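Questions regarding the structure given below will be posed in turn.
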C-alpha cells in the first residue's frame, strides 16, 4: 500500500468532483448576492454550464491517467469515466432544458443549479467508487439533493408529495442497502470492492451469509434503478416532480445507480453470479412487463414516461443479467442513448405543459406538429428511439442488449423482451399520431415559441439520438473496451 | 435460568436484526409522517449496531468509522427530510401519511 | 487493561444510577407524601390569578427548526474536530489542510444561510405583513380550527 | 473471570431488553413525542452497547449527534407542527396481511442464518477491544478514510441548502 | 467488383424530397411541393436506370460498402447496398410504379388539405422501401421494414379526422408489430447461427448446410421470417389490416398496399430462398398459408360492395398466389407475379380512385353503374387491368399466373386445382366489380366527371404495362433464379387455367350483365320473346339461387363475418384489450399510499432474500 497521504495523481482523478463541488459552492454563495426580482439569473445559469463543461473536461483528462485514487476509494477506469461523462452530459442537457421552465415558474436561482451540480458530483463519485462506504456516501449525496430537487416547487402540492414519497421510500431502501454493506464488511472484513472480490475468490466465506448481504444490497440498488418490485416509487415521483427534474432523475441518477449496480455485482459478487443471475432474470422480466403494460393506460404523459423509464430499466436489467462484458457494454450503450432521449422528451413535455404544468395530458399534444413543428419533430425522434425504430439510438440499444442476452443463452428472456418492446411501441405511437394528425389543442395553441436555449437542448438531444443510431460503433467500441471490470 | 458467562457477537447481530425489523414494521404501520421517519432512523441505528459488532468481531475499527459516516448521512437526511415534511404539512395541514396520496395509478 | 477500562467507566455508571435514583425518588416522594387536591384551579397552569388563553401547545416559529438544523451541522463539525485535535500532532500540516477544507465548506454554508437572512429574527415580523400568509401562518393564527380536527 | 453472570452478559441482556422495549414503544406509541423519546431511549442503550463493544468515542458521538442533535430537531419539528396523536387507523389490509408476514420471513431468514451459519463468533468482553478511542479513530479517519470525510462536508452543504430552499418562508 | 455506382443516391433523393416537403412544405405553393415530390422520385428512377445499364446483366451481384455500422465482437454489420437480379426487378417496380403513382397523386390529392404532409410521407415511404430493397444485410432490410411500416401507418392515419382511419391504423400497427416481432427474432437467430447478418455470408453458410428433413434451426429461421412476411404481406391470419388500410387515400392504397410494401414479404422469402430451400417444412407452410389466403380472400372478395375493399381482398388473394409460388420453390415466378400484379393492381386501384374521385368520394358499387360512357378513359384503362388479372391470354397477368399454377402443379395436384378454381373466382369478382361499376345504368346521385390528365396519364402507362409488361420483364425475371417449369409444354394446364378465367368472366357477365340488360328489355318485350326471356330469367334465377346466393351467403356468413370479422379481428383487438386490462391491474397496485409501497419493497426484499438462498445454492 502506498503512502496514506494523497498525491497529485489522486487529486487529478478526483478532479471532476472537485470542480463540481467548487462551482456548486460558488453558485450557492452567489445566490444571495445576485438578486433581480423577476427570478431570472442567466449569469448563474452560465456559470453552471461552464462548471459542468469544465467538469466534463476534467473527467476526460482524468482518464488520461487511469487508476485508483485515495487509497483505493476511487477507481478511475473506462467504465467510471464513461458514466461520469454521461451524467455530466445529462446535467448539461438538463440545464439547457430547464431554463424556460425555471424562468416560467420564477424559480431560476442558484440553489437549483448548486443542487444539480452537487447531485452530479455524487453521481460521479458513484461512477468511480471502488469502495462501499464512499459509494454509499456518493449515493446519498446524489439522492438527498434529488429529494430536494423533486420538491423544489415549495408551493406546489404535487412537488411536495413527490419529494416526500421519494425521500421516505428512498431512505427506507437505503437502510436495506446499508445493512447489506454492514454484512459484506462483517464477512470479508473489508469494503473495498477489489479486496472483497479477492476474498470471495479465495473462498472461505460462507456462501449463504454472502447471499444474505448480496440480497440486501440488491434491494437497495434495485430500488435506485426502479427495477420491479421496487419500482413503485418512480411513477409518483416523476409525475409530481418538476419536469426538468423528472428528466434528470430518470437519466442521471438512474445511470449512476446502474453503474454501481453493475460494478458491485460483476466485480465483488461476480464469483456468485449463478446465485444472483436468476433473481435478476425474474426482476428484469417483471420490470419490463410492469413498465410497459402499466404505461398503456396512462393519459398523463409524465406518468407514461415514468412507466416507460421503468420498462427501459427492465431492458438494462436484461443486459445485466447476461453477466458478460458484452452485456455490460450493451447496458452502458443503452443507458447513454436512453439518457439523452429521456431528457429531451421531458424537455418537450415541460415546454408543452406550460405554467404550473397544467397541460400534461396526452390530448394536450394534439396538433403540436402544426403549431410547433420543431418540438413535434424532436419528440418524434425521441419516441421512435424509445420504440426502438432503426436509425435511432434506441434500436441499437435494444439490439445489443438482446444480442447479449442470446449470447448468454437466455432465449426466453429475449423472446419475452422483444414481445414487450412490441407492446411498448403502442403507447409511444399514440402520442406521435396525436401530435401529427389531430386538430391543435388549446394547450398547443397558446404556446409561445421556445427559447433558443431550450431549442438547443432539444436539437442536441435529438442529434445525439440520431448520431448514436447511425454511427453507434464509436461509442460501442469504447463501451466494450471499458466494460471489462476488475 | 443459567446465563452463559459470555455473550457472542452473534447476539448483538440478532439484536440489530430485530431492531431493524422493528423499524421496518413501524414504517409499515405508522401513520404520522414524522414517526415513520423516526422508524427509518431506528433502522439506521440497528445497522450501526451491526457495524460496530462486526468491527469488534474483526478487531478492526473501520466499522466504527462507517458508523460515523452513517450518522452524518442520517443528520443530513433528518435536516432535509424534516424540511420536506414541513412543506408537505404546509399544504396538507396534516401529518397523516395516507393523506399524501394524490399521485397514484 | 481490561479491568482498568471497566474501572474507568465505573464512575459514569454510578453517576447514571444516582441520577436515575434521585430523579425517580423525588417524583415518587412527591406522589407518596404530597396530598392530592384536585379542582379546576389546581389544574390550571398558573394557579395564582391569570387564566391561560389559547391552547397549551403553543407552536414554535419555523426559525427554531432552522436553528436546530444549524446546530446539527455544527455539532457534526465538532464531532469531527475532536479526533482531529487528538491526532493533529501526528499528521501536522496535512491534517490542518484537511480540516481547513472541511471547515471552509461548512462556513460557506453558514455564510449562505446568514446572507439568506435565516438568522435575523426581526426581519420576519416586518415581512410577514406584506407576504401572503402560508398555511403555517394560518395555523399559527387560529389554533381552534386545528384543535377541532383532533 | 468472575464466577457470577458477569457484567457483559447482564449488561447486554438488560440493555438489549431495554432497547427492544423502547423500540416497541417507538412503533406503538400513538403520540409522536412519545415515540421520539422512546427512540432516544433506544439510542441511549445502543450507546452503552457501543461502549461494551469497545467503541468509546462512538458511544459519545452517538449521544451527542443522535440523541443530542438529531432527536432534538425531531422534537422541534413535532412541536412546530404540533399534530397531536394519530387518528384512529383506517384498516390497512395490504400492509398488515402482506407486509408483516414478509417482514417476519425476512427477520426469520436473517436470524436463522446468523444462528446457523455464524455460530462461533468471539464472545464480547468489555474492554477486550480498546481501539475505539478518539486517537485511533482520528488516525484512521484522517488518512485512510480522508476522502469520505471530506465528501461528507458536501453532504452537510446539501442539507443546508435543502433546509433553506424548502423551509424558508418569509426570507427573501 | 465493378466500380461504385453510388447506389446510395437512389434512396437518398426521396429522403431529401421528404425532408424538404416536411420541413418547409407548409410555406411552399402546391406546385413546388408536387414538383419536389415527383422530381425526387423521378431522379431516383433515372438513377436506377443509369445504374442498371452500367451494371449490365449482373452475372455477379454488385455490392457497395459505405461504412461499418456496428462492430461488436465478431459481429460486423455495414451499411452495404447490393444490386443483383432480384433487386433489379424490385428497383424497377418500386421506382417506376412509385413515380407514376406520385404523378397520379398530385391530381388526386389536389383538393385535400395537408398536401405537403402527404407527399413528404409518401417520399419517406419511397426512401424506406428502396432501402429495404437495396439492403445487403438483414439489419438494413429491417430498417426499411420498420420504416415502411411507420410510413404506411402515418399514411393510413392520414384522414384521421374520421376515427375509423385511426382504428385501421391501430390494427395495421398491431399486426405489423407481430410481423416485426417474428422478423427480429429471425434476425437474432441468424446472428447466433451464422454470426453475421450479411446476405452473402449468411447464404453461403446456409448453402453448405443440409436440407432439414425435420424441423431444425433453418426451419425456425425460415418460419420466423415467414411470420414477418405474413405481417407485411397480409397473409392468413395477419391479413386483416389490409382491407381496413383502405381508409388511407387511394394512391396510398395503390402504392403501398398493392404495388410495393405488401410485396416486401414475398421479396424477403425470395431473398432468403437458400434458407427456405433447405427447410421443406417451412416451404409447405408457406404454400398452404398462401393457398388458404388466396381462397379465403377471393371468396370474401365476391361479397364486397365497396369497390376498394374488393380490390383490397383481391390483393390479399394475389399475394397468396405469390406465396404459393414461393412454396413451390418457383421464386422467380412469385417475383414475376409481383411485377405484373404491381402493374394491374395499381391500375385497378388508381382506376377505382379515379372513379371515386369522379363520384366525389362514393365507394359503394351499388351507387355506381353505367360509368363507361361518363369516364371512358378510366374505363378503358381499367379494362386492361381487368383482363390482366382475369388471366386472359395476351395480358401479362396470364403469364405470371400460369407460371405459378404450373409450378404448383409440379408440387401437388390438388393445390393446383384449388388454385385454378380460385383463379376463376378472381376473374369472377373482378368482372363483377367492373360490370356493377361501368355497365348498366347509373344509380348514383353525384355528377361524374373525367379525371385530369395527371391522373389518366399514369393510368394509361400502367394499363399498357399491365398488357405488355409481362413480356418485357419475363426474361429479366427468369434471369433471377432456378429455371422454373414455365418453359416446356404445359398446353393442357395453361388451357385449363385460361378456361377458368374466362369461365369466371362469363359467369359474372351472365349474372351482372345480361340479366340486367335483358331484364330491361323484358319490360317492353313482346309475348314470344317473353317466354324465352322468362325462361332465361328462370335459368338466371336458377343460377342465382344455385350458385351466387350460396357462394355469397356462405362466404359472407362464414368467411367474412365469421372468420374475418369475428375471429381474426377479435383476436387482434383482443390482444389490445388484454394488454390494457393487465395495465389496469398493474395500475391498481399503485394506490399512491406510501405504506403500501413500502409493503411492496418489504415483500420484494423477502422474496429476493429467499431467492438468493434457494437458487443456485447447490451449484
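All chains are identified by letter, namely A, B, C, D and E, in their written order; residue positions are counted from 1 within each chain.
Please note the rule applied: contacts are C-beta pairs under 8 Å (C-beta built on N, C-alpha and C of every residue); 3 or more make two chains touch, one makes a residue touch a chain.
Since the model is a prediction, treat every value here as computed from it, not as a measurement.
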{"item": "Number of hops, subunit A to subunit D, where each hop joins two touching chains", "value": "1"}
{"item": "Farthest chain (mean CA position) relative to subunit B", "value": "E"}
{"item": "Chain nearest the overall C-alpha centroid of the shown protein atoms", "value": "A"}
{"item": "Pair of chains ranked first by number of touching C-beta pairs", "value": "B-D"}
{"item": "Greatest separation from subunit A - chain, by CA centre", "value": "E"}
{"item": "Centre-of-Cα separation between subunit E and subunit C, whole angstrom", "value": "79"}
{"item": "Subunit A and subunit B, separation of their C-alpha mean positions in angstrom", "value": "27"}
{"item": "Centroid distance [mean C-alpha coordinates] between subunit C and subunit B, Å", "value": "21"}
{"item": "Cα-centroid distance, subunit D relative to subunit E, in whole angstrom", "value": "70"}
{"item": "For subunit A, residues that touch 2 or more chains besides their own", "value": "5, 21, 25, 28, 32, 133, 137, 140, 144, 147-148, 151, 154, 163-165, 168, 172, 208, 212, 235-236"}
{"item": "Subunit B residues counted as touching two or more neighbouring chains", "value": "13, 23-24, 27-29, 36-37, 53, 57, 62, 65, 68-69, 71-73, 75-76, 78-80, 82-87, 89-91, 94, 98, 100-105"}
{"item": "Two or more partner chains touched - positions in subunit C", "value": "62, 65, 69, 72-73, 75-76, 79, 94, 105, 108-109, 112, 116, 134, 136, 146"}
{"item": "Those chain pairs that satisfy the touch definition", "value": "A-B, A-C, A-D, A-E, B-C, B-D, B-E, C-D, D-E"}
{"item": "Complex interface listing, subunit A residues touching subunit D", "value": "4-6, 14, 17, 21, 24-25, 28, 32, 35, 69-71, 73-74, 111, 114-115, 118, 121-122, 125, 133-134, 137-138, 140-141, 144-145, 147-148, 151-152, 154, 163, 206, 208-209, 212"}
{"item": "Residue ranges of subunit A in contact with subunit B within the complex", "value": "133, 136-137, 140, 144, 147-148, 151, 154, 157-158, 160-165, 167-168, 171-172, 175, 178-179, 181-183, 185-186, 189-191, 235-236, 239-240, 303"}
{"item": "Contacting residues of subunit A [partner subunit E, same complex]", "value": "164-165, 168-169, 172-173, 176, 207-208, 211-212, 214-216, 218-219, 222-223, 228-230, 232-233, 235-236, 272, 274-279, 282-283, 289-290, 293-297, 326, 329, 373, 384, 389-391, 396, 399-400, 402-403, 406-407, 414-415, 418-419, 422-423, 425-426, 429, 433, 436-438, 470-473, 476-477, 480"}
{"item": "Residue numbers on subunit D that touch subunit B, as the complex places them", "value": "1, 5-6, 8-10, 12-13, 16, 19-20, 23-24, 26-27, 29, 32, 35-36, 39, 42-43, 46, 49-50, 53-55, 57-58, 61-62, 65-66, 69-70, 73-74, 77-78, 80-81, 83, 86-87, 89-90, 92, 95-96, 99-100, 103-104, 106-107, 110-111, 114-115, 118-125, 129, 131-132, 136-137, 140-141, 144-145, 148, 152, 155-156, 158-160, 162-163, 165-167"}
{"item": "Subunit C partner contacts - residues on subunit B that touch it in the complex", "value": "68, 71-72, 75, 78-79, 82-83, 86, 89-91, 93-94"}
